[in-house]
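Shared between the two complexes below is chain A, which pairs with chain B and chain C, respectively.
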Partner chain A sequence: MTRAVTPSGKTHLRRSLLFVPGSSPAMMMAAPFLGADSIVLDLEDSVPASEKDSARVLVVKALDSIDFRGAEKVVRVNSAGSGLLKADVEAVASRADTILLPKADVESLGRLAALLACAQHAQVIALIETATGLEEAFACARAARVTGLFLGAEDLTLDMGMERTREGDEIFYARWRVVAAAAAARVASIDTPYTDMSDEEGLRRDLQVTRRLGFTGRACIHPLQVEIVHEALRPDQAAVEWARRVIRADEDARAKGTGAVTLDGRMIDAPIVARAHHVLDRAATYERREVRD
Partner chain B sequence: MTRNALGREIPEGLPGGRRIYDGSHPASRLTGRSGRVKGVGMMTAPSGKTLPSIEDAIRASGLKDGMTVSFHHHLRDGDDVLNMVLEACSRMGLKDLRVAASSIFPVHAPLVDHIRNGVVTAVEANYIGGPVGEAISAGLLPRPAILRTHGGRVRAIEAGELEIDIAFIAAPCADPGGNLNGVQGPSACGSLGYAVVDAQYARCVVAVTDNLVPFPACPISIPGGNVDFVVEVDSIGDAAGMVSGSTRITRDPVGLVIARNAARAIQASGLLKDGFSFQTGAGGTSLAVASFVRKMMHEGRIKGSFGLGGITEFFVSMLEEGLFSTLLDTQDFDATAVRSLRENPRHQEIDCGLYASPGRKGAAVDHLDVVVLGATEVDTSFNVNVTTSSDGVVMGGSGGHSDAAAGAKLTVIVTRALRTRLPVIRDSVTCVSTPGDSVDMVVTERGTAVNPARPDLAGLLRERGILVRDILEIKEEIEALVGRPAPLAISGRIVVINEYRDGSVIDVVRQVV
Partner chain C sequence: MNMGNEHEGWATGLASASAGSLLSGDCLVEVSPGAAGAGAVLTIESTVLRAYGEQIRAVVLRTLAEAGLADVMVKVRDRGALDFVLEARVKTAAARALSGGGSR
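Moving on, here comes the complex of A and B:
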C-alpha cells in the first residue's frame, strides 16, 4: 500500500483524510481524537473570504501547539489562481507534513514547488478537480514532492459542465484515471468525499467503488465518516485467508520444484502471488495502525 | 465554616438547620412522608370552584404576606401563569412572598422586578435559568435561594420542609369541578407530573386554565378533589415555548463523535439487552446518544423495558417502533410527546415523586439501567456542575440530574472536554450539583474517563477498543492548550443553597463580584 513518509521519517497510512475548517479552533483541537490518518486543516473552501487571514494565523497556531497524535498534518492552501497561495505556503510549509494544492495541474504544481524551496521536507498532494488537471494526472503525480493524487469530483464536474448524481456514474472515468496515474507514479490515490453526511449507507455503497478501483484512501468531511472508510478499505478476512493459501501453495510448489501451481482449480501465476502479498501487506499495515489507535 | 463529604466549604448555621452532605446514600436517611396531606374540607367559593379572575382566586385562597406560592414548569419557557399571578400579587400590595416553582425560565424575567420591589423575597426551585438566575447571582434576594433536585423537591414537600400555601397550577384543560389534564387545549403541555404533588400537599390549590371544558374532563391527571378554585384566562402561555433549549439531535460533528462513543460504551457495559431501561437529557448530544442506541437496539433486535424522564419526539419514536414497552413521563418537551401521551396507553404519565423522590417507597430512577446526562463542568473526582456557568452565575440546576445519576446502574456524562476556550474538565467545579460517586464515566472528544471506582467498566470498554483515559490526563492536556481557569471573583455572601436529593447541603453558590 502506498504510504506517505513525513519529515520525521514516520510512515503514514492515508486511508482517511479528514477536513477541518482552519477557521475553527475548537474543531482543530478536537481533530487529533477523531481517528483520521491525515487531518486536513483547510484554508480554502470552508473558510469565508473575509476570514482568510485570521484562519491562516489560527492554522499556524494549531500546527505549532496541537499534538496531532501521529496523524499526518495536511494543510489545504488556496489555489494558485487565488492570489493567496504564496502567503499560505510561506506560513505553513515548514510546519505541516503535506500541502494539499487545490485545482492542481502541472503549472500550478511547478509554482508550488518553487514556493516550497525552503521547506525541505514538505510533501504535496495534488487535488485533481479541473479538466486540465485530470488530463495531466500522470504528470501531476510525477511532479516534484507529490506523494498523492486526490480526486475532487464536485469542482471537476462543475468545471466540465457535468450533472453530479448520487450514483456517480459521471465520475467513473475520472476515478479510473486518477487511480491509474497514481499507481503508475507509485503515489497515493485519494477518492472524492461523499458529500451527503447523513447518508451512511450511501457512503458504504460508494466505498465499494473506491475499494474495487484500488484507491488507497478517501477524503472525509465529517468525523463519523472516518471509521466507515477504514472499515470499508480494510482487507476482509476472506481475502486475507485466500492470500495466505496462495502464498502457501506458491511456497510449496517452489520447495518441490514444480512449475505451474493451481489452487481451487485456478492457476496461480506471478501476478496472483504478487496480489496475495499486497493483500497481506495491507492487512498487516492496518493491524499495526489499529493497535496504535 | 465546615467542609462536607465532597470537601466543599459550607457555612455553619444555614437557615432551616440544614444537614450537611456526608456522602452516604440517600436511602440511609429516608425521611418518609410527614403525613401532612391536605386536610378535609375545600375552600370552595360560594358559586362553586370557578372564579372570574386571578385576583379573586388570590383573595379566596387567603394569600397573605410571607406565604409560599408554588408553580409548575410544564410550559417551560412558554409559561405565563407565574408572571400573571405575581403581577396580580404586586397589584394587590402583597409582599414577602416565597416562590416555590419547580423551575424558572427566561420567560419569568418579570420576577426580577418583583424581587426588587419586595413582592418576592425568597425563591426555591429545581432549576433557575435566565435573568432570574443572574439576579440571584448578583445578590438581589435578601436570603439565599434554595435549589433542589426534582426528586428532592417532592421529598421536601412530603417531609414538610417545603410547605406550600397556595399552588397555582397552569392547566391546559380544566373542568368546573377542578379536574385537570395537560394533554388537551391550545396550551397542551402533556404530563402534569410536577403539579400533581403540589396539588396533593398545598393548603389551597388554584387551577388557571385557558380551556375550561364541561364536567368531567377526560382524562383526569389531577382530580378535582385536590383543587379548590378554577380561574379561566385568555391564555396560560405559549405552547411553542415548551420546546425550549436543545431538543434536537446535535449536528455538531464533535458532539456526534462523543455521542457515538458514549453509545458504544453503553453497549460495552453489557446493559444494552432485552429489558433495557433508559433516560437521556434533552440536550443535543444526549439525544444523539439515544439515536445511536436506537440503531443498536434495532440491529440487535433488543426489546427494552421503559424510557424515563422528560419525553421527546425521539423517545416517542422508540416507543412506537417497539424498542420500549412503555414510557414513564414526568414532563414533555415537544408536541409529538404530548400527542403520544394523549393517544398511546403505553405512554404513561407519572408524578415527580414516582419519578425520582428518595423519600418514597420506590422511584422509577432506581429501576434505570442507563442515564445519559450533560455537564457544564466535571472535576477530577467526577463531581458535575449543571447549576452555574463557569463564571459562577446560576444558569440551571440539577433538576433530575442527581436523581437519575443516583438511581441508574450506569451514569454516563457526555461533554466536550473543552468548550470554546473553557476547560470543562478541571480540578474543582464551580458548584457541585451531582456527586462524583454517582457518575460512572465521562465521555469527551478526547477519550472516555471511567470513575476509578468502576475498574470493571474500564476493562469492558478497553476490551471493545474504546479509548479509556485518566481524567487527570485529559485535564492536564486541555490545560496545556488553554491554561488553568483563574479563580472566580466571589464574595463571601451565599446566594444559593444547593440541596442534594436527601435535603443535605451539597454545596453553596456565592455572590459573583
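Moving on, here comes the complex of A and C:
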C-alpha cells in the first residue's frame, strides 16, 4: 500500500482525506478527533473570495497551534490560475506536511515546485480535475514532490462538459486512468469525494468501485464518511485467509522444489503470490493504525 | 460588512475593518481609527470575560503591536474563540484596516 513519508520519517496511510473549511475554527478544532488519516485544511472552494485573506491567516495559526494527533496535515491552496497560489504557498508550506494543488497539470506543478524551493520537506498531491490534468496524469504523478494523485470528478466533468450522475459511469475512464498513472509512478491514488452526504448506502456502493479499481484512499467531505471509507477499504477476513493459504502453498512448493502449484484447483503464480502479500501488508497496516486509534 | 471610516482624520492611514464571525468557536473583531495618542481602546464582549478577559486583552494588544497599530478602537465579540483564533482575526482585521478597510 502506498504511503506518504513525512520529513520526520513518520508514515502516513492515506485511506481517508477529510476536508475542513479553512475559514471555520470550530471544524478545524474538531477534525483531529474524527479518525481521518489526512486532514485537508481548505483554502480553495469552501472559502468565499471575500474571506481568502482571513482563512489563510487562520490556517497558518491553526497549523502552529492545533495538535493533529498524527494525521497528515494537508492544505489545499488556490490554483495556479487564481492569483493566490504564491501567497498561499509562502504562508503554509513550512507548516504543512503536504500541499494539495487544485487543477493540477504539468505546468502548474512546475510552478508549485519552484515556490516550494524553501520548504524542503513539503510533499504535493496533484488534484486531477481538468481534461489537461487527466491527459497528463502520469507526468503529474512523476513531477517533483508529488506523492499522490487525487481525482476531482466534479470539476473534471464540468471541464469536459459531461453530465454528472449518481451512478458515475461517466467517470470510470478517469478513475481508471488516475489509478493506473499513480500505480505506475508508485504514488497514492485518492478517489473523488461522494458528494451526497446524507446517502451512506450510496457511498458504500460507490466505495466498492474505489476498492475494485485499486485506489489507496478516498476523500471525505463529512466526518461520517471517514469510518465508512475505512471499513470499505479494509481487507476482509476472507481475503486475508485466502492470502495466508496462497503464501503457505507457495512456501510449501518452494521447500519441495516444485515448480507450479495449485490451490483450490487454480494455479498459483508470481502475480498471485504478490497479490497475497499485498493483501496481508494492507491488513497489517490497518491493524497497526486501528490499535493506534 | 463595510463599516465606513467614521473616524477619518484621527489616526492617519487607517480605515475601519472587521474579521471573523459570530459562529461558535470564533469571534468578530472590529477595528477602527482611534484618537491620536490615545493608544488602543478595547471593548470585549464575552461570556467568559470574568475568567479570561485579561488573557483576551493581552492577545489583542500583542497582536495589534505586531501589526504596528497603536491608536485604534477594537471591539471583540467572542463566541468561545481560542487564542490562536483571536490572534488570526485581529491580525486580519488589522491588515484590512491598513489596506483600506471593510471585511472584504
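Please note the rule applied: the second predicted complex is superposed on the first by the 293 of 293 C-alpha atoms of A that agree within 3 Å, B and C clash if a C-alpha of one lies under 4 Å from a C-alpha of the other, contacts with A are read in each partner's own complex, and residues count from 1 in each chain.
Criterion: a residue touches a chain if its C-beta (ideal position, glycine included) is under 8 Å from a C-beta of that chain, and two chains touch if they have at least 3 such contacts.
Please read these numbers as outputs of a predicted model, since none were measured by experiment.
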Partner chain(s) touched by A:G168 [first = chain B, second = chain C, both, neither]: neither
Touching partner for A:P235 - first (chain B), second (chain C), both, neither: neither
Which superposed partner A:D53 touches (first chain B, second chain C, both, neither): second
First, second, both or neither for A:M29, with chain B first and chain C second: both
Which superposed partner A:G148 touches (first chain B, second chain C, both, neither): neither
Partner chain(s) touched by A:S65 [first = chain B, second = chain C, both, neither]: both
Which superposed partner A:P193 touches (first chain B, second chain C, both, neither): neither
Footprint overlap on chain A, where chain B in one structure and chain C in the other make contact: 25-26, 29, 65-66
Footprint of chain C on chain A - complex, ascending: 24-26, 29, 50-54, 57-58, 60-62, 64-66
Contact footprint of chain A on chain B as seen in their complex: 253-254, 256-257, 260, 416, 418, 420, 445-447, 465, 467, 481
Of chain C, residues touching chain A in the complex: 19-20, 23-26, 81-85, 87-89, 91-92, 95-96, 103-104
Contact footprint of chain B on chain A as seen in their complex: 25-27, 29-30, 33-34, 65-66, 222-224, 290, 293
